[in-house]
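Please read the structure below before turning to the comments.
Each chain gets a letter, A, B, C, D and E, in the order it is written, and its residues are counted from 1.
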Amino acid sequence: MIDWSGYVGLMLQGALVTIELTLMGSVLALFMAFLAGLGRLSRFFAVRALATAYIEFFRGTSIFVQLFWAYFVLPLLGIELTPLQAGVLALGLNVGAYGAEVVRGAVRSIGKEQYEACVALNLGRWQGMRHVILPQAFLLMLPTFGNNAIELLKATSIVSLISLADLTFQAQVVRAQTGNTLVPFTAILIGYFALAMILSWGVRSLERRLSRGIDGVRV
Amino acid sequence: MPTLIEGVKITILATILGSALAAAVGLVIALLRRSSNRLVARPVAFVAEFIRGTPLLVQLYFIFYILPDFGILLPPLLAGVIGLGLHYGTYTAEVYRAGIDNVPRGQWEAAKACNLGARQTWMHIILPQAIPPMIPALANYFIAMFKETPLLSAITVLELMNQAKSVANTYYRYLEPMTLVGAFFLVISLFSVVLLRWLERRYGRVEN
Amino acid sequence: MAEPIVKIDSISKSFGAFKVLDGLSMQVMPGEKLALIGPSGSGKTTILRILMTLERIDSGHIEVGGEQLYHMQRGGALVTADERHLAKMRQKIGMVFQLFNLFPHKCVLDNVTLAPMLTKGVPKAQAQKRAMELLDMVGMADKAKAMPAQLSGGQKQRVAIARALALSPKIMLFDEVTSALDPELVEEVLNVMRRLADETDMTMLLVTHEMGFAHDFADRVLFFDRGRIVEEGKPEEIFRNPKQERTQSFLKKIIAAGHRV
Amino acid sequence: MAEPIVKIDSISKSFGAFKVLDGLSMQVMPGEKLALIGPSGSGKTTILRILMTLERIDSGHIEVGGEQLYHMQRGGALVTADERHLAKMRQKIGMVFQLFNLFPHKCVLDNVTLAPMLTKGVPKAQAQKRAMELLDMVGMADKAKAMPAQLSGGQKQRVAIARALALSPKIMLFDEVTSALDPELVEEVLNVMRRLADETDMTMLLVTHEMGFAHDFADRVLFFDRGRIVEEGKPEEIFRNPKQERTQSFLKKIIAAGHRV
Amino acid sequence: DDAKLEQLKAQGFARLAIANEPPYTAVAADGKVSGAAPDVAREVFKRLGVEDVAASISEYGAMIPGLQAGRFDVVTAGLFMKPERCAAVAYSEPVLCDAEAMLVKKGNPKGFKSYEDIANDPTAKIGAPGGGTEEKLALNAGVPRDRVIVVPDGQSGLKMVQDGRIDAYSLPVLSINDLVQKANDPNLEVIAPVEGAPVYCDGAAFNKKDTALRDAFDVELAKMKESGEFAKIIEPYGFSAAAAISTTREKQCAAQ
């Protein structure tokens, strides 16, 4: 029979790469989401146009194409990235473009009356944004951000195309080396699901913590 | 590039069939999850969450390479369409749920006060109000599905991306075919953005 | 003396841990116009919703028109009513909501004809004829083809009244039907209700904060607090000469806030 | 005689094709308590919002405390005010909204201290001390640590008043501050406003449908219709003896709807 | 005089692209990379003074673009020499040689012997790696595009033959043997070599810019072939050293 014990270590290494990609990609995505999302709400046309171009481009093209570009085409233009950097870049920029729309939607959905209260209290634009609008909007963004993070986790499975040894890739290796398909694929299905559950649990508990009091429950 | 055009055809066919399946699967999931019978609602909810929480790529491998062990042998395109339809069905289910939940409670109550039955309430009051606002959100997912069709290359469907790779391999050039494919996706997506904005104007905002 | 058309017998109702109604009993005679008043959260709306079967009760019994509302006979025993029984009982009762709840995707006329056509199988022509009579009565005949979104609040509420009347219920429930309206529009709705009270012998239960209207309209006033009837009587007694201290303080505050009694 | 603190000079304002204000002029004296009444849509809210710089005007001039509100001197010429000028002018004005507009993610105390700390750089300890005095004045000191969602409407509105007062404006604007409240809660807010009127010499502009309160509270009443002042005068004159037919019919409807004058 | 070699020496390792295809390459349960191609490369580089190699598994289709984009220093993956490839990369002298084989169901029910047989049977489908030699051979033999199925990896191809999705799956002989041995399925049969298909050899593939490095590599490779050390490395994997020694890069690159 096949000795699975060694391959378990291989799969765990893959899981580690997947987690790494997910975390670093999420950080980049979060940063881009706020940058572009607030950029789209800017008073200045140039900033709005730039943000819109970024969002539409990265939402418009397939993430595969973006990944191939980051890995195979950028070096031709003189920008050399390691596979991990290319993966984080493509995933982060892609998911960040979706997140930007979430940021924009949440900020815009804060009622007009909150902005007016800020004016009536003579808060400046940025003060109002920072202390009144964003704290409320962030709470609205959280659930969707959670979903985006899971999307990002799932999207990491395609980095095997640029020879990054993530969870899916290692499953392919194990499959080639052992000739068994069922075991590695079942294992990674469960692995991805477990990671997704952890993510959504984390976001939910953060949401619970931040919303304490706002919904009328005694703190 | 006639091979690329062949790929475009397959990509579009897979998207259309996948969308139709996702629309139907989503409605079934949404209704089953609303069931008052927990033995129905709970397992359906779990399966939907599981499908939604795992990568489509791995699911495609499962459908194509593992189901035959259990006697289910699907042609590549059909396997791809089923994979896309099931995966995106779990997303559209959420759209249906939100659409139905967004009909104000007062409408259910008014229907009851008018003594309408359950079927009458669904047909005449709830669905006519719930469906138009969800059209843009559904369209959104179908566009997303379109962009994920390159995954089908893993199960030997010769869609656009696979054709492009073939071309790239023959000439050892990645830049041109990949850029062409990128441009194609971008053009289609920009068209769909226009379509989506129009749908939004006509039917209301997309729920993110 | 005639039998009561509504008999409520020590019903209780909780939302979670919060007991809204606690062993409440009351009766309504046929044709009676009843006003329910009392502070916010005292359970007035809940009673109307229970009668409309929008909420279930936890315990107790309700009879409407001589029949059990939430229970039915089966094989000699009294069991919890099924949906069919509830549908039958609902024919006797109509309700008008604070926020109108018109069907926004149907025009005024269709709002009124929908239920008679679907639930009673009334032919379209006949349903429309009757609907136009009702719309005429509430002064909305000229807006029959308008969509609800094109109407003012007062107009919406008048359509909602016509819609409830279209099923010819024996009992009509009104829950703060004017409190979402601009002050200037209140009067047109109250006028319709006055006419309704004068011209029909329908039994009417009314929850309101318009003490002036309650005074003119009602045969009897019930003052609620915390899910119990604290005081009841003729409007003159309750408003001019309340016996309970709770009623007195409530009315004093309402008057101080600028409402005429 | 003193100079007016607010001078509005033939301002106009349109929303799209709809002209809300059309060449309106009015003046307010320091310390005056002014009530703006009139039918829905007549432009009362719009005037307050223009004074609070929440809406721009299309033409005309406004002076507040002797300075132009929407214009400023630059190089001898009068040009449209920039954000800095507006921010300076806003220090003189505070506003309380119909729907309170408290910040739901901050506790009562933080709602009151936020603006003084951010806009005036008041140190935290000092801002909190002053906030507690104000909360005490509106009877909310014991709820300083509560979140807005835990408060009743009347309590929320009292916090909103304290919050506006924390910036010590010379002029306070109140837009139907009680019309979203349950009738029983209206009184507690009106009491706070009465105290405010008695104890300070703040200039106050009040839009209201509470005719009784307008009567007791105001030094002068302006009756608006379609963006124009139809009639103005002392409360007794306007309410007991309105000269214009439009005023008479408006008051008649309001009274018929059950409001005491 | 070779800047690239100096650079590799300095950093202490060379970056290899390998395929996920035993026995050309193998990944052990502990993740350690071995297999005929990387083992040879490791030894040559050691002799050149480059301590170690860092191997990353890549798709066949991505190897040459990756090399061009500077992702790897060398491809050692059973990437057979062919005229177009010789134009795109700088090959070393031949390293691993292999004939083509086909995997079919037991008893070869359709009687395939060559790619032409598949072209002549209008119902037959053949699987091959995307961008690989076999795909091109099948297309050149006249099999229409829609009957050449691009299969992502060996296991998938094997599975598709077992499930009857394709009638034949074509890979080099040794790769197929390895697959069949792992699958341990008595219902499969290997046809080797495929009639009419040439014997192919791979070489270590370098970027066109790095011909100096390639030449240095060739020198050490030749020494190893001479000393028999070369045979010692590759023969345990089933490859024939004699086949590689008997041909040259020129011959392979000129062949059709």
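Keep this in mind: a contact is a pair of C-beta atoms (placed from the backbone, for glycine too) under 8 Å apart; a residue touches a chain by one contact, two chains touch by 3 or more.
A quick note: this is a predicted structure, and the numbers were derived from the prediction, not measured.
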Any chain in contact with chain A as well as chain E: B
Chain separated most widely from chain A, comparing mean CA positions: C
Comparison of B-E and A-B by number of C-beta pairs in contact, larger one: A-B
Rounded Å distance, chain A centre to chain C centre (Cα mean): 52
Averaged-CA centre spacing for the pair chain E and chain D, given as whole angstrom: 82
Cα-centroid distance, chain B relative to chain C, in whole angstrom: 46
Residue numbers of chain D (touch at least two other chains): none
Multi-partner residues of chain E (at least 2 other chains): 65, 68-69, 155, 159
Shared interface positions of chain B, touching two or more other chains: 65, 174
Which pairs of chains touch, using the document's own definition: A-B, A-D, A-E, B-C, B-E, C-D
Chain B - residues contacting chain C, complex: 104, 106-107, 109-110, 112-118, 120, 124-125, 128-129
In the complex, chain B residues that touch chain E: 3, 6, 65, 68, 73, 75-76, 153-154, 156, 158, 162, 165-166, 168-174
Contacting residues of chain C [partner chain D, same complex]: 39-40, 178, 182-184, 186-187, 190, 209-213, 250, 253-260
Residues on chain A engaged by chain E in the complex (per definition of touch): 3, 5-7, 9-10, 13, 71-73, 75-76, 80, 83, 161-163, 165, 169, 172-173, 175-179, 181
Chain A to chain D touching residues, read off their complex: 113-114, 116-117, 119-125, 127, 131-132, 135-136, 139, 213-216, 218-219
